[in-house]
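Next up: some structures, all given as C-alpha cells.
Presented sequentially are two complexes of chain A, the first with chain B as partner and the second with chain C.
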Partner chain A sequence: MLIVGERINTSRHAINEAVAGRDAVAIQREVRLQVDGGADLIDVNAGSRRDSEVDDLIWLIEEIQNEFPKVRLSIDSANPDSMNRVLDRVMLRPMLNSTTGERSRMEAMAPVIQKRACDIVALCMDDRGIPKTAGQTVENTVRLVSDLEDLGVPRDRIFLDPVTQAVSANTRAGMMALEAIDGIRRELDGVHIISGLSNISFGLPRRPLVNRAFLTLAMKAGLTAAILDPSDRGLMSALKAAQVLLDQDPWCQAYTRAFREGRLEA
Partner chain B sequence: MLIVGERINTSRHAINEAVAGRDAVAIQREVRLQVDGGADLIDVNAGSRRDSEVDDLIWLIEEIQNEFPKVRLSIDSANPDSMNRVLDRVMLRPMLNSTTGERSRMEAMAPVIQKRACDIVALCMDDRGIPKTAGQTVENTVRLVSDLEDLGVPRDRIFLDPVTQAVSANTRAGMMALEAIDGIRRELDGVHIISGLSNISFGLPRRPLVNRAFLTLAMKAGLTAAILDPSDRGLMSALKAAQVLLDQDPWCQAYTRAFREGRLEA
Partner chain C sequence: MSEELARLLADLKEAEALAFVEKALEQGSDPLDLLASAKEGMAIVGERFADSDYFIPDLVFSGEILRRIVALLEPHLKKQGESNRLGKVIMGTVKGDIHDIGKDLVVFMLDVSGFEVTDLGIDVPVQRFVEAVRETGSKVVGLSGFLTLAFDSMKQTVDAIQEAGLRDDVKIMIGGGQIDERVRRFTGADAYGKDAIEAVALAQRWIGG
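Up next is the complex of A and B:
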C-alpha cells in the first residue's frame, strides 16, 4: 500500500495559519507526523487560498523538501495552470492530484502531464458526471487509461480513483465502490487504484469506524494506494491488521514491528 | 448476522467459579451483558468440568431460561453423550455446537441430531484432519452437508465453520479462510457460514485489531453468523460499520441507533 498523507491542506485552519504566517516549523512538524505514521508521499493543497495558491505551493514545496529531501510530494490542485507553474520546483517524481475524464479537464492537464514524468491520480468521472454503477465506473476508467496512455503515461504511473459516494445518501455506495475497485483490478492490469477514504462516511456519526472498515474491504478488493491521515493510529492499525489477513505482510513482520514501536492501537 | 455469545464457558475463571458455587446471579449477569450487546443465542460450555459437565449444563440451561425465556441456547460440548442428556431441557430450538466430518464423531452425533429439530454447527474437518487449502475445505463441506441432509437436517439449519488457522503460524491462513467462506457461499446455497473469530489472531499482539478486520472481511465473503463476545464494543461496532458498507443495514438505521444508544466505539 502506498500512503499519501493528506494533512497539508489549507482548508484546515492550522495549516492555513501556518501558510499565511510562513511558519515553516509548523509545516515541517505536520510532515514529520505523517512520515512517522507511514506516509510515502505528502499531499500539498493550497486551493482554499485562491489568490496566492501558486506562491503558497512553491513555499510549501521548498520548505518541505528542505527538511525531507527523500519524501515525494503530491501536488493537489483543481487548477492545471497552478500545477504547471509549480511542477519544476518538485525535486523527486511528483504525483499530480488530479485529472478526470472530463474533456476540458483532460485538455488542460495534458501539457502538465507531458511536462515531466509524474504519477497521475485520475478520478473516474467524465462529462456525464459521477458514474451511477460500478460497471459504468470501470468503463470510464478504461477510457481514462487509454487517454493517459495516449499522452505517454505508462500504466504503473496511473492511480485510478473510483470516486466513492456517501453511504448515508446511498445505501449501495459501499458495495458499488468495492465492485468498482474489483472491476478495475480485473480489467486493467498494472494500474494503481487509489481512494480518499473519508467520502464514504460523510453524514454518519463515528466516521472512523466506517473509514477503517472501508479501507479493510477496499484493500481486499484491490486498492493499492490511499489518501489518508497517517497520524490516525486507529486507521493505520486497521491497515496493518488487514495486511496481515490479506497475505501482504510476510510473517506478520510489519504488524509486530508496529506493535513493538507502540504504534498499534486497538 | 446471527450472533452467538461465547462468554458462558467454564474455561473462563469467573464462569467456573460461578458454576462451582451455583451462583445464578453471576451467570444471569453474563447473559444480560451479551443480550444487551446483541447476542441472538447464548453458547453454554462446561467442558472444562469433565466430571460434572452434564449436571452443570442442566443447571446453566435452567437458570438462563428462567431469566431469559426468549433467548435461544447453543449447547457446546465435545461429548455427544453430554449433549444427548441435556437436550430435552432446552425450551427453544437449540443449536448443537458442534459436529465434524470425522466418521466417529458424525456417528456419535447422529442420534443427538435426530432427537429433535436443532441448528447444527459443523466444523469443516474430517478424518484427514483440518483442510490445507480452501478448495479442500469446500469439498469437505459438500460431503458434510450431504451427510447432515441424510440425517434429515435441512440446509438452513446447518452452520458450516471453515475452521480458521492462526495467521501467525501460516501467512496464508487469512486468505484461505476468506476463500473458503466465499467458496462455500457459491457452492452451497442456503447454508449458514459461522466462525469463531479469535483463532485467526492466535499468537499475535493486539488481537482485537486482527479479529475486527477478519470479521469485516469474512462478512463480505459470506459469513452469516459469528461466535464472539457481544460485550466487546469495539468488535460489535466494527460489525455494525461493516453492515453499513455491505448494504446490510438499510438507511444505516441499526448503525445510527447504536450510536444514539451510546454503543458505538471507535
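Up next is the complex of A and C:
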C-alpha cells in the first residue's frame, strides 16, 4: 500500500495559519508526523488560498524538501495552471492530484502531464458526471487509461480513483465503491487504485470507524494506495492488520515491527 | 393536527406512520390536516438533526417516509382541487465544481417538502442558470458548491442573473462546504444555508409552505 498523507491542506485552519505566517517549523512538524506514521508521499494543497496558491505551493514544496529531501510530494490543485507553474520545483518524481475523464480537464492537464515524468491521480468521472454504477466507473477508467497512455504515461504511474460517495446519503455507495475497485483490478492490469477515505463517511457519527472499515474492505477489493491521515494510529493499525490478513506482509514483519515500536493501537 | 402522526414520523417509524395515515383517511380525516402533521414531524427531525441526534441517513429516511405519506394523501388532495406542489426552485452545483452530495440532499428535501425542483446537476454553466430562471419562472435559485473556486462561479452566476434583468424576480441561496456570511456577501446571494434543512426553511420563508 502506498500512503499519501493528506494533512498539508490550507482548508485546515492550522495549516492556513502556518502558510499565511510562513511558519516553516509548523509545516515541517506536520510532515514529520505523517512520515513517522508511514506516509510515502505528502500531499500539498493550497487551493483555499486562491490569490496566492502558486506562491504558497512553491514555499511549501521548498520548505518540505529542505527538511525531507527523500520524501515524495503530491501536488494537489483544482487548477492545472498552478500545477504547471510549480512542477519544476519538485525534486523527486511528483504525483499530480488530479485529472479526470472530463474532456476540458484532460485537455488542460495534458501539458502538465507531459512536462515531466509524474504519477497521476485520475478521478473516474467524465462529462456525464460522477458514475452512477460500478460498471460505468470501470468503463470510465478504461477510457481514462487509454487517454493517459496516449499521453505517454505508463500504467504503473496511473492511480485511478473510483470517487467514493457518502454512504449516509446513499447506502449503496459503499458496495458501489468496492465493486468499482474490484472491477478496475480485473479489467486493467498494472494500474494503481487509489482512494481518499473521508467521502465515504460524510454525514455519519464516529467517522474514523467507518473510514477504517472501508479501508480494509477496499484493500481486499484491490486498493493499492490511499490518501489519508497517517497520524491516525487506529487507522494505520487497521491497515497493518489488513495487510497481514491479505498476505501483503511477509512473515508479519511490518506488523510485529510496528508493535515493537509501540505504534499498534487496538 | 395529529400529534401522533408527527411523533411517528419524527421517530422514523415508517410502517406505523403509513398505517396511521391510511386509517385516518379511511375514517375521513382531512388530508391537508394530515399533511400539516407530517410537516410538523419533519420539523422535529430537523431539530434533532441540528442537535446531532440525527444524521444524514435519518434525514434521508424521514424524507422517504414523507414521500410515501404524500403519495397516500395525493389522490385525496387532488379530489379537493388542491395542488400540493408549492413554488418552483432551481438547484445546481456551480461551474467548476462537481460535488453533488449536499446538492442532491437539498433537492431531495425540497422535493419531499412539496417544492417543484429543477435540478440542473453539477458543473452548471452560469448561463444555464439564467436560462432555467427564464424557462421555469422559478422564484428561488439554490447554488451549491464545495470547492473554494465555487465562490467565484457563484458570484458570476448571481451577476449573470442580475445582468439578464432577472435579479429582482428571484431569491438566491447558496450552500456547501466552507460557506459563511462572508462568502454570501462576496457572491451577492440573498442567504446561505448550512444544510438541507436550512435550505428548505429558506425556500419556505421566501415562497411559502
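The definition used in the following text is that the second predicted complex is superposed on the first by the 266 of 266 C-alpha atoms of A that agree within 3 Å, B and C clash if a C-alpha of one lies under 4 Å from a C-alpha of the other, contacts with A are read in each partner's own complex, and residues count from 1 in each chain.
Everything below uses one rule, namely that contacts are C-beta pairs under 8 Å (C-beta built on N, C-alpha and C of every residue); 3 or more make two chains touch, one makes a residue touch a chain.
Note that the structure is predicted; figures quoted are calculated from it, not measured.
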Chain B versus chain C as contact partner of A:Gly47, first or second or both or neither: second
Contacts of A:Gly262 with chain B and chain C, given as first, second, both or neither: neither
Partner chain(s) touched by A:Met175 [first = chain B, second = chain C, both, neither]: first
Contacts of A:Ala241 with chain B and chain C, given as first, second, both or neither: first
Touching partner for A:Cys252 - first (chain B), second (chain C), both, neither: first
Touched chain A residues, chain B compared with chain C: B
Partner chain in contact with A:Gly21 - chain B first, chain C second, else both or neither: neither
Chain B versus chain C as contact partner of A:Pro205, first or second or both or neither: both
Chain A residues contacted in one complex by chain B, in the other by chain C: 168, 171, 204-205
Chain A partner contacts - residues on chain C that touch it in the complex: 52, 55-57, 60, 96, 98, 100-101, 104-105, 121-123, 147-149, 152, 178
Residue ranges of chain A touching chain C (in the complex, touch as defined): 11, 47-48, 50, 78-79, 102, 125, 129-130, 165-166, 168-169, 171, 199, 202-205
Partner chain A, residues of chain B touching it in the complex: 167-168, 171-172, 174-175, 178, 200, 204-206, 208-210, 212-214, 216-217, 220, 234, 237-238, 240-242, 244-247, 249-252, 255-256, 259, 264-266
